[in-house]
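Listed after this line are the structures, all set down as structure tokens.
Next come two complexes, and both contain chain A; in the first it sits with chain B, in the second with chain C.
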Partner chain A sequence: MSPVATVTDLTKQYRGVTALDRVSFSLAENRIYGLLGRNGAGKTTLMQILTAQNFASSGEVTVFGQHPYENERVLSRICFIKESQTYPSNLAVRHVLRAARLVYPGWDEEFAQRLVDDFQLPPQRNVRKLSRGMLSSLGIIVGLASRAPLAFFDEPYLGLDAVARQIFYERLLADYTEHPRTIVLSTHLIDEVSDLIEHVLLIDQGRIVLDAEAEALRGQVVTVAGPVAAVDEFARTGAELHRVLLGGTARATVRGDFGAAEHNRARSLGLGLEPASLQELVVRLTTQPNGHAPAATTAGATSKEAAR
Partner chain B sequence: MEEGRPIFQQVAELLENSILDGTLVEEGQVPSTNELAAFHRINPATAAKGVNQLVDDGTLYKKRGIGMFVSPGARAKLRSRRRDEFARQYVQPLLAEARKLGIDPAELKHMIDTWGEN
Partner chain C sequence: MNRALTVARLQFVAWPSVVGWPWAILTLSFVINLAVYGAMDDTDLQPTTGGLLSIYVMMFVACLNSITQVFPFALGLGVSRRSFYLGNVLQFVAQAIGYAAVLYLLAVVEEATDGWGIRLRFFGLPFVWVENPLLRFLGYAIPFLLLGFLGIAIALVFKRWGVNGMLTLTTAALIGFGGLSVLATWQHWWPAIGRWFADQSGAALLVGWPALLTLPLAAVSYLVIRRATP
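Right after this comes the complex of A and B.
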């Protein structure tokens, strides 16, 4: 199956700042991707370039086998819901939905109306008078009801409470099941989406540091705690990502291929072993506030940050 | 779903548990991939992978156009496989913990007998 989008050696520079640094990956058809990374990592720039809203400095981008720029055939099949989507201020909710219906060939009006009810959005209200959460809901409704073969949701949640986010996840999953398509979810709420996404793309400082199946990552990262010597010994079976010390006791996050044998081994070393979440892996693989780039993306590398 | 283990494995195990406890009967229909995905709030591809694993090992079988069903004899087969795993999964850690606390095997047996009576 040919990929929906292919990015090769994509670089974007803004006045000497490298926002994207030789990024390469592809998006397969009908999958849900999690595009993860810290603020400023380059996620939005990447989505802007894929949707022809920004230009690459160098590198190659093809979407549905073609260049997206000024390409109606490609653009009509893409939907990009931005973090702070703005609408012409004289429009009411129903006008925004009517415009979306004209733009997206796959638009499902009945589904859109159901979503309006689900999110309790007042159709007659002017977009200027919508709360932050209501604006986010409106974006989500457009993104879902467009049924675009390639949809990007860039942090679509601003102002949305936990209940509304849950509605979003449930409707997304149900509709995706009925109408498979490629969805890219850019989010900081990793724990909330970790069961939904099939593939993880993690960007850090403009580079892809992780491009992997979500299922393959589960169980790949564990936290072990116990006597320092035992932790040292166990940590050698993988790549140590993080460590904190408390007297003679250490807690280390280790990435590796951990099966039953390694679990038994931890137990026999007297270590407590717990699987780490996708969120924890992401935190450990991305640049920390002290500016230290993580050293552990390659096997065998270790970064020991001892806490005082 | 639980962290640390592939979700498809957990889906397969949950279905196995339902077969073992009789919630799903032999020759009975199994929830569809889409129903499993919606119920567990997981990606349907992942749910399908869990179901397919059980089809591959013969626990479930597919009726074209209708859905998935529990194979005849699946329960007995699962039981014997789970019994083999029981020692490793439960007895081994029990012994390890007992050793750590200085409980000798005789004392442990006595405990099991006492607790088993209640």
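Right after this comes the complex of A and C.
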């Protein structure tokens, strides 16, 4: 299966600031990707370059086998809903939907109308009078109903309440099951989408620090708690990402290849062991104590992931 | 090309506001002029108004907005810069032709009714007379294009180079025009310049020279938009 998009050694510099630093990865067909990272990590810039809205300083970008810049064949199959997307001030919700219907070959009008009802969006209301949450809903509707083979959602749920977010996740999953395509969700509500995403791309300070299947990650990161000496011993079997000390006991987040043997070992050492959430992993990998790069020990595991 | 047509249609999804505003304002201006000069009831007066300008200014503003507002929207929907530019030009050239035709007809009616019964010149070409009907039509259409492309070019400088770009452009324009007028005054060129303008035919002032200025603006705008980010 050839990848939908390939990025090789992509670097983007803005006046001395390196927004993206030799980023390389690829997007496979018909998968949901979570593009995770802190604010300012480079997520939006990366998506802008993939959709030819912005220009790379160096490196290669290929989407559907071609460079996306000014490439109608490629661009007509992409939908990029930016969190900061603006709409012409004379348009109402229904105008935006009509415009999207004109542009997208795969547009599903009935689906769009159903989503308008689901999100309770007022079709006659001018876009400039929409609340933040309503604007997000509008972006979500365009992104979903476009049925674009490659859709980017950049922080799609800003201002949405929990109910609306749940509607988004449900509709996304249902429609994705019926019409498989490649979806990239950029988000920092990691726990909410962790069941949704199939592949994790974690970006920190312009670098990809994690590129792995969500399923594979689930057993890979654990939290162990117990006496310091026992934790020390167990931590040697993997890469320690984080540790909290409380008197004689320690609580450590460790990443490694943990099978039944390791679980038994932890039990015999008298350690409590539980799988860490994706959110915890992301926080540990992108938190930088004392300004140092996140635990150098993870570098080996990361490059192993990237090589797969 | 299909994609460019799509972009042109996209600009008309809210067509009442696109077409309605310029004509509503022009109509309002016309009615006010009609009322004011009608109320004066002075038959010796042959009023010529500048009210026609309003629709040209609206076109200029609409073209500014097409770059600052529609461009980011269209690119978000996966339209290429080339298609956006072509489609945008297509829709505004279509507007210019349509509007020019209506203005032309209104000027014919104005003439036939002896200035709406009060010798008012509102739609008639303000300062020159162009005999040839085609040139007269172009005299309405080409200034739309000049102002439109001027709007597009200025908005693109802002889109691509931001506030600093606008400041640089303004400074350059001030120095350029200011320097030229200083030079003209110093060298006593003003009478010659005045004569040159007086010697130009109406067609040259309304059609020839604006067309000549429009072409480089259109070409430069295309080059700028190809590297602009939404």
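Rule of thumb we're sticking to: the second predicted complex is superposed on the first by the 292 of 308 C-alpha atoms of A that agree within 3 Å, B and C clash if a C-alpha of one lies under 4 Å from a C-alpha of the other, contacts with A are read in each partner's own complex, and residues count from 1 in each chain.
Keep this in mind: contacts are C-beta pairs under 8 Å (C-beta built on N, C-alpha and C of every residue); 3 or more make two chains touch, one makes a residue touch a chain.
Treat the numbers as computed from the prediction; the structure is a model and nothing was measured.
Partners chain B and chain C, once the complexes are superposed on chain A, both fit on it without clashing. Shared-chain residue A:170: touches chain B; no touch with chain C.
Contact with chain B, but none with chain C, is seen for A:196 once the two complexes are overlaid on the shared chain. Of the two partner chains placed around the shared chain by superposition, chain B is the only one that A:215 touches, whereas chain C remains out of contact.
By the touch criterion stated above, A:53 is placed in contact with chain C alone, chain B being left untouched. In the overlay built on the shared chain, the residue A:277 is in contact with chain B alone; chain C does not reach it.
With both structures placed on the common chain, the touch criterion links A:100 to chain C but leaves chain B unconnected.
Of all C-alpha pairs linking chain B and chain C after the chain A fit, the shortest spans 26 Å.
The touching residues of chain C, counted against chain A in their complex, run 3, 6, 9-10, 13-14, 17-18, 65, 69-70, 72-83, 226-227, 229-230. The touching residues of chain B, counted against chain A in their complex, run 1-8, 34, 37-38, 40-46, 49, 88, 92-93, 96, 100.
On chain A, the positions that touch chain B within their shared complex are 31-32, 169-170, 173-174, 176-178, 195-198, 214-216, 218-219, 222, 260, 264, 267-268, 270, 274-277. The touching residues of chain A, counted against chain C in their complex, run 48, 51-55, 70-72, 75-82, 85-92, 95, 98-100, 102-104, 142, 148.
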